[in-house]
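So, here's a batch of structures to check.
Here chain A shows up in two complexes: once beside chain B, once beside chain C.
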Partner chain A sequence: MIVHAILGRTARVAFVLFGVSVIVFGLLQFAPGDVATALLGPQASDSAKELLREQLGLNKPIVTQYFLWLGNTLQGDFGVSIISRNTVLGEVVPRFLNSVLLASAALVIAIILGVTVGIASAARAGGFFDRTSSASVQVFGAMPPFWLGLVLVYFFALQFRWFPATGMTKTFGGGDAWDIANHLVLPAVTAAAASAAVIVRMVRAVFLEVLGSDYILVARARGVRSWRLLMHHALPNCMPHVLNIIGLQLGYLIGGTLFTEVVFAWPGIGQLLYKAILGRDVAVVQACVLFIALSFVLINLAVDLINDFLARKMRQS
Partner chain B sequence: MTAMTSIRALSAALGLGMAALLPHQAQAQGTLVWGTPAAADALDPHAMGGWIGRAVTRQIFEGLVEADLSDPDAKYVKLKPALAESWEVTEGGKVWTFKLRQGVMFHDGTPFNAEAVKYNVERFTKPDAQQYSEKAVAYMGNFTGWVEKFEIVDDTTVRFTLNRPNYEWVDGTIHSYGQFLMMSPASIEKYGNEDVALHPTGTGPFRFVEREQGVKIVLERNDDYWGEKAKLDQLVIAELSDGATRVNALLAGEINMMTIPPWEQIDDLKQESDLVLSTNDNVPSIWYMHINMKNEILKDIRVRQAMLYGFNRKEMAEKLMRGTATPAYGMLSKGTFAYDPTFEMYPYDPEKARALLAEAGYPDGFEVNMDAIIYGLGELSEQWFQRDMANIGIKVNMTKNEWIAYLGKWGAGMTDDVGVNEMAWGTSIPSWTSVVSRCDAFPPNGVNSGWYCNPKVDPLFDKAVSIEDKAEAAKVYQEANTLIMEDAGFIPMYNDSQPVFLNKSVKGFVNPAENWFDFSTVYIEE
Partner chain C sequence: MTAATNPAPLRPKSALSETMARLLGDKPLVRLLICLAVLVLVAVLAPVISPHDPLKAVADLSNMPIGSDGLLLGSDNQARDLLARTIYGTRISLVVAIVPTVAATTLSVAIGLLAGYAGGRVDAALMAVLDVFFAFPIVLLAIAVAGVMGPGLLTIMVSIFVVLLPYITRVARTSTMQVTQRTYVEAARSAGAPAGAILVRYVLPNMIGPVLVYATTLIGLMIVVASGLSFLGLGVQPPTADWGAMVAEGSGVLRGSPHVTFVPGAMIVLTALLFNLIGDRLRDLFDPRKGS
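And then the complex of A and B:
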């Protein structure tokens, strides 16, 4: 049964990935002008362009070209960046890992903030804390990362000087874990804000619903104290919903991370993609889109599988 | 990545620790971190045209001659000996002979000598040479268009014979499209013509340490430098393309030098007590637009003149650039001996512009496409231009391009569907104007991106460089400039005064009448 579910979901993922690969391959076809010029840059020599045309089979039918491209891609050969002359993979992988670091930190912040504030709001619904948090959630949830980022930099980097304003490490002498953690705080909070706001709202709603259900009322009537009620009775029942919400937020989080990277000059895949798009560095754009799409799909697969698992456990108990 | 950075940090820390133990180590003079608005090109000095890339290569590499950047008050920069101790020009400006400096080593230990010069020359003149680079050929117009013969006279003497007289030729060797910087032949042999850009190896006061693409370039002092050694320990070029991010980094002390500050923040930044603003009114820098002579509408001179009349450049320089620029009316650079500050053509006159458009058959205006650069300044001057054009009925559709990619696109020449594209350029030699305006400089043989051609102009440029007397040559240049502007061949926008914000701790910095800096005199004093 569970194997069946995994297989079903994986098959769907394979289908999505095929679609992604077609679109990414298409990026090159849709690039204006000659493909070889797009990949090598306008300064490239004719002989170099001719060589590349041969390598990519540009004179062959488009389906053949697709499979040639797919073959190269699966072997990790994405070509060479026209801007830096590095291999595309060598360019994208370190940036991707930097983004994973930022997104993970943002996720942790979003979860901790979202869940605790959400529960606290629900516990005293309509109270002072609930009203204040609802208002702040409205404000912070609606702020685009490129604006929130600048606000945070203004206060915490320029006025209070608690954190650095840009980059991932100090330009000189940095690079240790403490240095990176220090640089991570503001961008992570920025990337987390919108998701944290949504999680707060959803957790609050889920908790209120559970807290209003019969068994909680019974427990309350029997004199179970409120924090015990929340932690031991309400929380386990809310968990699958909360996880589901967090899973849904991961996609937004990746998006938010991409914007955040530009504001904070965080050397991640979002910043790379931004520059590659502006620079018409088609091969890099392809690789970035593929990496982002791939992580999006795989994360969603993981969330789905965990949800399936939790739902089964719920039914069993 | 993180692991690599940590290893680097560790080794840097070890290095510093050891330095502290050595009694005779040169005194630490700090790190200059320069926040730049755009990426440097790939660091191949013969195959690049971007300002930042060139400013970086000029720290790593040297030419036979260099610009003397020590005097901030000079009206235009003069040359000084570098890898050549002296040089002379004979035969009416056709033969240039250089006496080479002896005992100079490249950063990799390769000796610099006449053979090394030959190896570099052949990189763009000898098609069957192993180091021949077609990319370099596209950039080295000062050689491919002029040098007829190169010879090694003896071990320490080399000679260039030109195909026609040119008294400015040696000046051209320090500028883009002729940047004759000496690369270590061994480095090209080792890494190949393409990858050598990832391992730039010259003789300059700084040596290359690492480049993290899109993030920073790190250079360190060359302790074996033949001349006056640099004072800084490290020079870091940090790429911060977003204007607000760049300002934040400066205010937070993460960078201590910033070029191209966003105009709207200049007044505020001037109020900061730990910052200093440095400008130079003689910098040879024009922001201008090429007009596409192949474009159906813009072929008509009346249309081009209307665009010039309709563009309020004076007010733009005053209101937008906050006094860090002056309006440009001609195509001769400031910071050259030929610049005429009194030259003014097409003063702002929207009525006249509309009349000219009506006469040309466009009483209701038209639409035109514009290629613009993303260069850390937002798009304010471009929007100003768009607004002024809209005011006389011309709808300008703008496409923005990332700097490095833009250079390639611009260098390939405008396609017929584009009307204007912009560029920021100008050099301290007046023959620069010919580089963008000669008939024989059409892409791919040159960078006359707008296909401007007036057969009466080219002979003037030829004549100007053949005159040894600068005052006489200046007159000929001014004549050529007048013809170009009568044709309405370009849209000069403004002359930039190269505003640089520095932290007060940065000492010894000179903002010269040139588009790059000599960082060897800079040091940090907290």
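And then the complex of A and C:
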């Protein structure tokens, strides 16, 4: 039964991964001009282009090209960056890890903020706190992350000087955990804001529904105190929903992280993608898109599997 | 006198006029729609109401503060009138969000109708393809499309269109499937009506409501995404006034003249907020269960 469910999901994910690879491969075909020129840059010599055409099978049918590309990609060979002349993989991996750090910090902030404010709003629905938080949720939900980032930079980096405005470490003598954490605060808050807003809204709705159910009314009638009611009676029943809500947010969070990295010059995959697009570094663009989409698919798979597991456990108990 | 006592004519009201009456009877929604109308008027009448040419340096100095002489919102980093640029920016923002949404909704309804009605393998194939698109966070997909196409107004519209298509199609398909199960469709089918006629006459009018509401709820987000593409330099090119690009230009003078960044950004927030509120209200009106 469990094995069956996992196999079913895996088959779907396998097809999705195939589709993702086709789209990423296709990005190269849509790039303006000749593929070899796009990959090697305008200054490349004719002999170098001819060599690359031979290697990538550019004179062969498109299906053959796809499988050659897929073979190279699966072996970690994404080609060479025309900007840095490093291997694309060597460019992408360290930046990917920096992005994971930023996105994880943002996710933690979004969850803590979203769940606590959501529960607090639901506890006294219609009260002053609820109305204030609902209005803030609307505003932050409509706020572009790049702009929020600049507003935070203006106040907390340029005016109050609490946090640095850009980068991940100090230029000289930085790089320890404290330094990185200091640089992480503003970008993480920026990337978290929109997700936190949506989590507040959905957690509030889920809690309101649970708080209106019969067993909560019974518990309340028995005289269970309200905070105990929230934490011990309502929260466990909301957990699967809350987890699902957080899973649905990851796409927004990753999108927000991409913009945030550009604003704060955070050396992550979003900034790399941005520079690669401006510099027409097609191989790097492909690798960035592939890395981000792959991690998104795998995270979603993990969330689905955990949800299945929780749902089964709930049914058993 | 007789008019008051006469019963209303027994002609059934059309679904359209009934819907309109319901929409216009809702005061909060009407208020929001008036705000939207004002915004659209600002965009349409930009050449009339704008105090200056948005592309020319009109101020004595660049980065003049809000409330400078003759310049309500001051000037930007190239001594252009910030108010004029903000007014003209309304045009791009509205066009870039609304045109692709309308286009994507039209195509989505067509695909959703066919897949939802045909079912079986056609439907399964469609769902598999949609799954692939859902594997990309929307901002990533938008950036990737815009990145390969090269900057421009058309680029932004195409990438917003591509981003929206899978989401609206999914809703159109679900809505079609629900309508297809109703008895009147079953009746028309067993009476031997051709599939095309059934789709257009019975399924389309009944499946379209939820799709339109859903598409409306996405416009606000699309304004934010489109402004992000402009911010990255993938949208209309300078010197055209565009809020996202204006924020990017302003970020260079953030320390001394934050208003050059803050004003266009605030307009993005307000516009997206307006569309979000309209979308939420429509959803609450037509599907009270989903409201939060």
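The rule we apply is simple: the second predicted complex is superposed on the first by the 317 of 317 C-alpha atoms of A that agree within 3 Å, B and C clash if a C-alpha of one lies under 4 Å from a C-alpha of the other, contacts with A are read in each partner's own complex, and residues count from 1 in each chain.
Basically, a residue touches a chain if its C-beta (ideal position, glycine included) is under 8 Å from a C-beta of that chain, and two chains touch if they have at least 3 such contacts.
Computed from a predicted model, the values in this text were never measured in an experiment.
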Where does A:233 make contact in the superposed view: on chain B (first), on chain C (second), on both, or on neither? neither
Considering only the touch criterion stated at the top, classify A:281 as touching first (chain B), second (chain C), both, or neither. first
So in the superposed three-chain picture, is A:292 touching just chain B, just chain C, both, or none of them (first/second/both/neither)? second
Taking the superposition on A as described, I'd like to know which of chain B and chain C A:262 touches: first, second, both or neither. both
For A:15 in the superposed arrangement: first (chain B), second (chain C), both or neither? second
Touch check for A:241: first (chain B), second (chain C), both, or neither? neither
Pick out the shared contact residues on chain A: the ones touching chain B in one complex and chain C in the other. 150, 153-154, 158, 262-263, 278
Chain B residues touching chain A in their complex are 1-2, 5-6, 8-9, 12-13, 16, 31, 33, 39, 42, 47, 134-135, 138, 194-195, 197-198, 212-216, 234, 236, 238, 240-242, 244-245, 248-249, 251-252, 254-255, 374, 400-402, 404-405, 408-409, 411-412
Interfacial residue positions of chain A with respect to chain C in the complex: 12, 15-17, 19-20, 22-23, 27, 30-32, 138-139, 141-147, 150-151, 153-154, 158, 201-202, 204-205, 250-252, 254-256, 258-259, 262-263, 273-274, 276-278, 282, 285, 289, 292-293, 296-297, 300
What does chain C use to touch chain A in their complex? 128-129, 131-132, 135-140, 143-144, 146-150, 220, 224-225, 227-228, 231-234, 244, 247, 250-251, 254-255, 258, 261-262, 265, 268-270, 272-273, 276-277, 292
Sort out for me which residues of chain A touch chain B in the complex. 41-45, 47-48, 81-86, 91, 94, 97-98, 101, 150, 153-154, 157-158, 161, 164-167, 169-177, 179-180, 262-265, 267, 271-272, 275, 278-281
